[in-house]
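Just so it is clear, A, B, C and D label the chains in written order, and each chain counts residues from 1 on its own.
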Amino acid sequence: MKRVKIAVIGASGYTGLELLRLLLTHPHAELVCVTSRQNAGRSIGELFPRFTGAEAAGLQFIDPDADAVAATGAELAFLALPHGVAAGYASSLLEKGLRIIDLSADFRLDDPAVYEEFYDAAHPAPELLAEAVYGLPEVHRADIPGARLIAAPGCYPTSIILPLVPLLRNKLIDPGSIVTCSMSGVSGAGRKADLSLIFCECNESVRAYGLPKHRHLSEIEQELGKAAGAPVAISFTPHLVPVHNGICSTTSAKLLGQPADIGRALEEAYGDEHFVRLLGRGGCADTKNVTGTNFIDIGWDHDPRTGRVLLLSAEDNLGKGAAGQAVQNFNLICQFPETAGLQNF
Amino acid sequence: MKRVKIAVIGASGYTGLELLRLLLTHPHAELVCVTSRQNAGRSIGELFPRFTGAEAAGLQFIDPDADAVAATGAELAFLALPHGVAAGYASSLLEKGLRIIDLSADFRLDDPAVYEEFYDAAHPAPELLAEAVYGLPEVHRADIPGARLIAAPGCYPTSIILPLVPLLRNKLIDPGSIVTCSMSGVSGAGRKADLSLIFCECNESVRAYGLPKHRHLSEIEQELGKAAGAPVAISFTPHLVPVHNGICSTTSAKLLGQPADIGRALEEAYGDEHFVRLLGRGGCADTKNVTGTNFIDIGWDHDPRTGRVLLLSAEDNLGKGAAGQAVQNFNLICQFPETAGLQNF
Amino acid sequence: MKRVKIAVIGASGYTGLELLRLLLTHPHAELVCVTSRQNAGRSIGELFPRFTGAEAAGLQFIDPDADAVAATGAELAFLALPHGVAAGYASSLLEKGLRIIDLSADFRLDDPAVYEEFYDAAHPAPELLAEAVYGLPEVHRADIPGARLIAAPGCYPTSIILPLVPLLRNKLIDPGSIVTCSMSGVSGAGRKADLSLIFCECNESVRAYGLPKHRHLSEIEQELGKAAGAPVAISFTPHLVPVHNGICSTTSAKLLGQPADIGRALEEAYGDEHFVRLLGRGGCADTKNVTGTNFIDIGWDHDPRTGRVLLLSAEDNLGKGAAGQAVQNFNLICQFPETAGLQNF
Amino acid sequence: MKRVKIAVIGASGYTGLELLRLLLTHPHAELVCVTSRQNAGRSIGELFPRFTGAEAAGLQFIDPDADAVAATGAELAFLALPHGVAAGYASSLLEKGLRIIDLSADFRLDDPAVYEEFYDAAHPAPELLAEAVYGLPEVHRADIPGARLIAAPGCYPTSIILPLVPLLRNKLIDPGSIVTCSMSGVSGAGRKADLSLIFCECNESVRAYGLPKHRHLSEIEQELGKAAGAPVAISFTPHLVPVHNGICSTTSAKLLGQPADIGRALEEAYGDEHFVRLLGRGGCADTKNVTGTNFIDIGWDHDPRTGRVLLLSAEDNLGKGAAGQAVQNFNLICQFPETAGLQNF
């Protein structure tokens, strides 16, 4: 069974951890390199005792030096790095012949001006933007096989874009009326020593944050605009809730067509997609059914009193919202079965 | 110090439990009667070991018979009963001269037809509707002192009505554009043996429920309509999140005026209200700051990209959303200091 | 790749659910039958939406009738039934030629009198006790291949027996001095509508229960007695803590030998065991590293002040403590690789 | 009503926060000074939004300078500082005429050599040790009124000492056989930015820590030794469990007398104590009944199979285990009713 030599750059956060979890048992991946500036010299199993016993658990973290990474023989690198930092590694590693699946925001936007608006810095590698593929397979599958540089979508964007795209493409909702509330587990805030993230500050707490212009809006609106054929701006409010992982997004918009069109459009778009599970009308997607998996569950409803459509989606922010989707892209790039290594429930 | 003799009818659910917690230490309340069909003969301390040591913890639950309740000398009764059941007790106890603070939905609606539409049954005591006061002190304070029958508002309604009323009264938002997402702790679902409520089904789970026409919409829209001077219909999606108590509501609507008007209108309406804490622009209300209290925290923001106002509120669903607000009404009826027995943090 | 036709009898509790999770992706298992009296006619995916998308998610639950089970062609049945109920099915299905892995307590004890003492009923099938193998592979591996009837050990017993057996066999501790405290996640109490199990009763709660003679003591002491070569009685206190799954057991006993003997004995016993991860001296086993897996982590320490050895173990009560271990037994019976289907992290 | 002017030194941790919560509504306390090096210049309400609306919420934190503290007119200071730091402030403030209730470990031990053994540093103010009273009212009540310097006991010690003292005094258990397992909420680890304390590292995690010689053993054994009339060493294993607050301790020891003696001894010692609630034989103390209060619940049992007594206690680690007990001492020093300001349920 063919195995691709893999590097994970920046493997000590929650996204990196979930990537490792998936790659350690992926039938077509051979983990040959993991990097972490702070943990260089320690093994995967030492840093994450959960993984002790896995075949590659003895692999040691090295410093994230591009030459050193290339020297391990890695053919493809996953970048689980902060935005702004990822782009430089992508450039260097692409030059050395590696393919890149970047989980940061650096290559998600087509327009460097939008990047600058939302990320408060000039884009670090604008020359690569044209080549980068926005790695949302259910929307851009055709562009993925053979790609050198994948920008894996953000967690909130995946949960919001997927339900909306078929409705916008079919002109079933008013693009100016879209309102989304999302609730995210605490892992979405990262694995870092921060007072606001400690157990006693998060447990028994529910709150909105990051108002009113969350960075993820940039890619959400880019993708919605493509589907609508015109610019779209949405109202988006993220919330932090005390679960480990999972995102639940509730989106509503004015219906332009008939309620039954909604179900039909979703079915046409995703009826054959393995990782999109359609719950039908009244189906309230629950994060507990998707944690640890690469599924996104989507239900919908219609409120005749307000004329609004409701879209209810749930995914694992670390799964379909990050590492799972990155592995799905890996499978597509390499033309492995799309579900390889993602058959966990 | 004057103490009013109090009965709590239906004291074995979470609302009843919170009422007991507040009344056991209220300086002007003397608990003389608690009822529970299933727990008759057991004492408060036996059923709720937390309360052992309180002065009235030895009081025994009796069957909820109106004569027996009146025989205890109770002057005022809190009803923590299911809707449909409360109305009958209210009638009987009013006849016996008790005042009533009802925490069910039975007297919240002015129009029995709306009751029937939302609660699927003819109203059990329509003759009392005209007299009942909707017990939201910050909106209807003038009607409360001396009232015989208070309908304490629902938990979701309190968190949604309070931030919206000043904006609707001042015509600052488009009433047809209101969208609310609320997140509630599990105590809101009641204290009952139900598979969907057990720990392993709720923990690590986030989901919408009760779509698309939650019963609380009836009172929410009644009160918003009064403030707007015209009927209002809103889009409302409740969610269940794994916290014990607390409701976080995020409401947005199209701004008609200037952003600064929002803060001003909230300040004018609630600047002198003890139990409404205004967090200002950008203030993200957090349930952890209000659990166990009668406060509601309200922040707001404006998104120039969409032209929408954001209202962010947090309360304890059992506190300001139920038992705390009922006690606030009790204080107002009896002309005690409004904060008596509610000075807990 | 050879696949064995599998039935899961009583598949609607948490143990059954975890068994399904493991078997749905097991390379050598073909799920052909699932039973549930209450859910007959519904599919696995309907009852457990998490599993929608798995190959066998469309399989429908049937009534637990032995003839109907046999008619599905099942070659081996896992019984996830209450004690007392399992034995009858075991007898019937054995007669029909199926092998049995029973997850109840019915065949764990050698002596029917001990069963009667701890389970308050005569043993329902004493004639099968001699044949049944106590399915703790790390202790009784030699007896498992080819067995017709496996009694999969209880969750607490696994976490307590494994660390103690090597010390008792080597006479390193005083058998009369053993004290164990265990902390279990709420899934250990079962998937049932019970007021004491609802979220608001379990969240933010820590307590002992089931004192002083928990049923699991019977099998714990049976196995410890075999290791010690003489009867052993231990002090065992289980606690309920608000996590979904996981058991953490802390055991102490008077050291008879030298502290270094402890590490050596554990290493000799389990150094080559895939599913036992030795953490060494000072290693505090953490349930978060084993949830969802079939691992048990074991650390130890010595307190010279009291002369006591400390044994610290963590496992998933549904994994190594139930379904994972049952699958490990399945692999051994059928002589598949012991880790088949259990390579999840 | 007489009010004592109070300073809280080091008020930004969880113990300080709980002290503020209690003192903000205490009828005999007037909060005049709060200190925090990092938060000087911010008000109580700014740092802890929960307290906004309390009378003294506008009070600003100042630097912890002894002169500045004295200048506020404070008559009594609570020290919620790290061990080693508290002693210096105690000396300075005592000189300036303030009374001190110290919540650190600095004055809990009679013997400076034991301090040095357990805290790895010479005692910073040994001359004050003789004067300091170990502030466990149920054991040392007579020494408290009028004291200048109280050492409020640690959280684990309170939960372990109280159940054991009557049994040791009455020679009902073998002092050499005591084994305790305790489970603590995460607030016990402090309010600090530490990776091991963030939500995703603590949630769904149960583990022992701090083995085998936790610092609290020093004061536990000191007090048990006094009760036994001879040195006592116990086996003590603390565990971290995912609750905000609460400690559950399970202690066992060999019974020397008759089982009924246990209940009798506890009843004699604590039957009249308001803050000790005896649950009787089989009573499994549950942290959820004591959180937010100053109660400790104590149950017990006897296991005839092992001859061991079980003691089951639950308290709030921040309440009876820290701030609540400190306030109880305050009431006793000043001869206020012992329950003043502690009548919360």
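Everything below uses one rule, namely that contacts are C-beta pairs under 8 Å (C-beta built on N, C-alpha and C of every residue); 3 or more make two chains touch, one makes a residue touch a chain.
What you are looking at is a predicted structure, and each value in this text was computed from that prediction instead of being measured.
Chemist: Any chains in contact with both chain A and chain D?
Modeler: Where chain A and chain D share a partner, that partner set is B, C.
Chemist: Compute the centre of every chain as the mean of its C-alpha atoms, then state which one is farthest from the centre of chain C.
Modeler: Most remote chain from chain C, centroid-wise, comes out as B.
Chemist: Using mean CA coordinates as chain centres, what's the gap between chain B and chain C in Å?
Modeler: Distance between chain centres: 46 Å.
Chemist: Distance from the CA centroid of chain C to that of chain D, rounded to the nearest Å?
Modeler: Each chain's C-alpha centroid was found; their separation is 39 Å.
Chemist: What whole-Å value do you get for the distance between chain A and chain C if each is reduced to the mean of its CA atoms?
Modeler: Here the centre of chain C sits 36 Å away from the centre of chain A.
Chemist: Among the residues of chain A, which ones contact at least 2 other chains?
Modeler: Correct list: 201, 203-204, 242-244, 286, 288.
Chemist: Within their complex, state which residues of chain A touch chain C.
Modeler: 21, 24-25, 49-54, 204, 274-275, 277, 279, 286, 288-290, 292-293, 295, 297, 343-345
Chemist: Which residues, counting only chain A, touch chain D once they are in their complex?
Modeler: That would be residues 14, 186-187, 191-195, 197-204, 242-244 of chain A.
Chemist: Hey, which residues of chain B end up touching chain A in the complex?
Modeler: Residues 177, 179, 181, 183, 185, 201, 203-209, 211-213, 217, 233-235, 237, 239, 241-244, 246, 248, 250, 252, 282, 284-288, 291, 301-303, 305-306, 308, 310, 312, 314 of chain B touch chain A in their complex.
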